[in-house]
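In what comes next, chain A is part of two complexes: it sits with chain B in the first one and with chain C in the second one.
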Partner chain A sequence: MRIEKCYFCSSPCYPGHGMVFVRNDSKQFRFCRSKCHRNFNKKRNPRKVAWTKAYRKTRGKELAIDSTFEFEKRRNRPVKYDRNLMGKTILAMQRVQAIKEKREERFFANRMKDAKKEQKAQARVEIEKGIELLAPAVANREEVMRNVVDKARERIASRKRNAGQKIVSGGGDNKADGMDES
Partner chain B sequence: KVCDNSGAKTVKCIKVLGGFNKKIAKLGDIIVVSVQKLRNKSKITSKVKKGEVYKALILRTKKKFKTKDGINIKFQDNSVCLITKQGKPVSTRIFGPIPKILKTGKFTKIASLSAGFI
Partner chain C sequence: MGTGQYSRKKGARSKIKKYKKKSWLCHRAKDTDQIQDEIEKAHETGKPADTFEYDDELPGGGQFYCVETGKHFADAKALADHKKSRYYKRRCKELKEEKYSQQTAEWASGMTKEVLPPAHGMKK
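What follows is the complex of A and B.
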């Protein structure tokens, strides 16, 4: 059982899913689902359809050339079963996968390096455009801030008052008062 | 369509063999056919004449065909290869891919003539 790649979207075709179309020149086209198959029938080029891996790789949005891809090539020589070799291969596969993922992440981070700057610039442009919408909100915000500041001032003042009272009378009662007021 | 070098180009299905009420023949079934058209080049050298009745084995269908692995296979055309009443192929070559299912059992002789397996 071998898990092949879909011709159109490059996703894995698991057994029991999808279809194989065989052309008369013996070329096989595997499809993971009817979406890919239908697109193929419409004669669409996967390199031009935005959601396929082929498109993403040709446009440089994903890691395309890397030494980790060499491990996935199909080798047509059958190897005699050797338990040690099998174990090592499985470990190697896991390691290669981990490395590949790290490299892909790095590629993505590299690609999105300047994203934050651009986002901020775009946000600024949007704010400028919609400054009228924001004006009442800004005024509200200022009012809210003023309220908050006033309330805080009150609280501090009341605490001071209570502290003063405490010194005069002294004891737990004033402490309770203080708690209620704040 | 005929995909071997017996000289016939297209054949017409007359009967579907394998049961009294069988209406549909799928990939790997035998049908009775009559020859409709011959390939131009081999009108003289073909083993087969127009209007002759032969048996034929269905090699490729456009309709999906499900293997035991769970793979749905679909070919580009509907193709057939001519067989005599005894089950031996009329031709000496078969063109195009053939499903692996036909490798076993009764059709090993035919499968051995083929170019490639899918």
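What follows is the complex of A and C.
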């Protein structure tokens, strides 16, 4: 039982899913679901459709060249069954998958390295645009800040008090008091 | 003339044979990779891809065929007009792109094909 790859999106076509279209020139086109089949009928080029693997790899959104890709191959010569080999292959598959995932994560992190700066710049632009919405909040800002500072002072004071009481009485029931106050 | 309401209702065209016929597989236009294959074959064998034997059933006897769109036309003028159309120019651009095949789809999912040495020795 072979798990084929979808012609359009390159995802696996499991048994009981999808469709096979056989064209006049006897070429088979496997689709993992009707979404891919319908896009194919509309004659869309998978390389231009953003959610397909072909698009992502050609545009450098995902790891495309790596040694871990050398392991998964379409093998047309059957291998004589050997229990040890089978066990070792399964373990190797798990290990290779783990390594592949780590490398893809690293690739993604690398790609998104400069994203934080961009996001901040965009946020700044957005705030400038919507400054009218924030105007009442800016007016209240001082009050809010004062509130926050007061509350923080209260909390610190109560903590100090509780710490003092603990040392004196050595009891642990002061924690409840502290919780209520803050 | 009809009342003109047909296409205003949603999904109404799915019940009208005239429109359904357009999506039947026998009327399906050729895919770009099919045409790219034909062009490649014509390149290799040297036989031009657009010559057909005279066939009564094809429009224009099959003599006026556009390779890029896979269409037969009634006469040379129709063919020439077609070559100026936007459809034809768009097709030409699409054909220049790299061919997409099952192999590309498998490469994109990380799967390649195992290449083994030939079982019966190299041809000399």
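Things to note:
Methods note: the second predicted complex is superposed on the first by the 146 of 182 C-alpha atoms of A that agree within 3 Å, B and C clash if a C-alpha of one lies under 4 Å from a C-alpha of the other, contacts with A are read in each partner's own complex, and residues count from 1 in each chain.
Everything that follows uses one rule, which is that a residue touches a chain if its C-beta (ideal position, glycine included) is under 8 Å from a C-beta of that chain, and two chains touch if they have at least 3 such contacts.
Because the structure is a prediction, the values reported are computed rather than measured.
Of the two partners chain B and chain C, more chain A residues are in touch with C. In the superposition on chain A, A:N84 makes contact with neither chain B nor chain C.
By the touch criterion defined above, A:K73 lies against chain C but remains apart from chain B after alignment on the C-alpha atoms of chain A. Of the two partner chains, chain C is the only one that A:S11 touches; chain B does not reach it. In the superposition on chain A, A:R23 makes contact with both chain B and chain C. After overlaying the two complexes on the shared chain, residue contacts for A:N110 are found with neither chain B nor chain C. In the superposition on chain A, A:K57 makes contact with chain C only, while chain B stays out of contact range.
Common to the chain B and chain C interfaces on chain A are residues 23, 28. Put simply, chain A touches chain B in their complex at residues 1, 15-16, 18-24, 26, 28. Interface residues of chain B facing chain A in the complex, by the touch rule stated above, are 60, 64, 69-77, 95-97, 115-116, 118. Within the complex, the chain C residues that touch chain A are 23, 29, 31-32, 34, 37, 94, 97-98, 100, 102, 104-114, 116.
Those residues of chain A that touch chain C in the shared complex are 5-12, 23, 25, 28-30, 41, 43, 45-47, 52-54, 56-57, 68-70, 72-77, 100.
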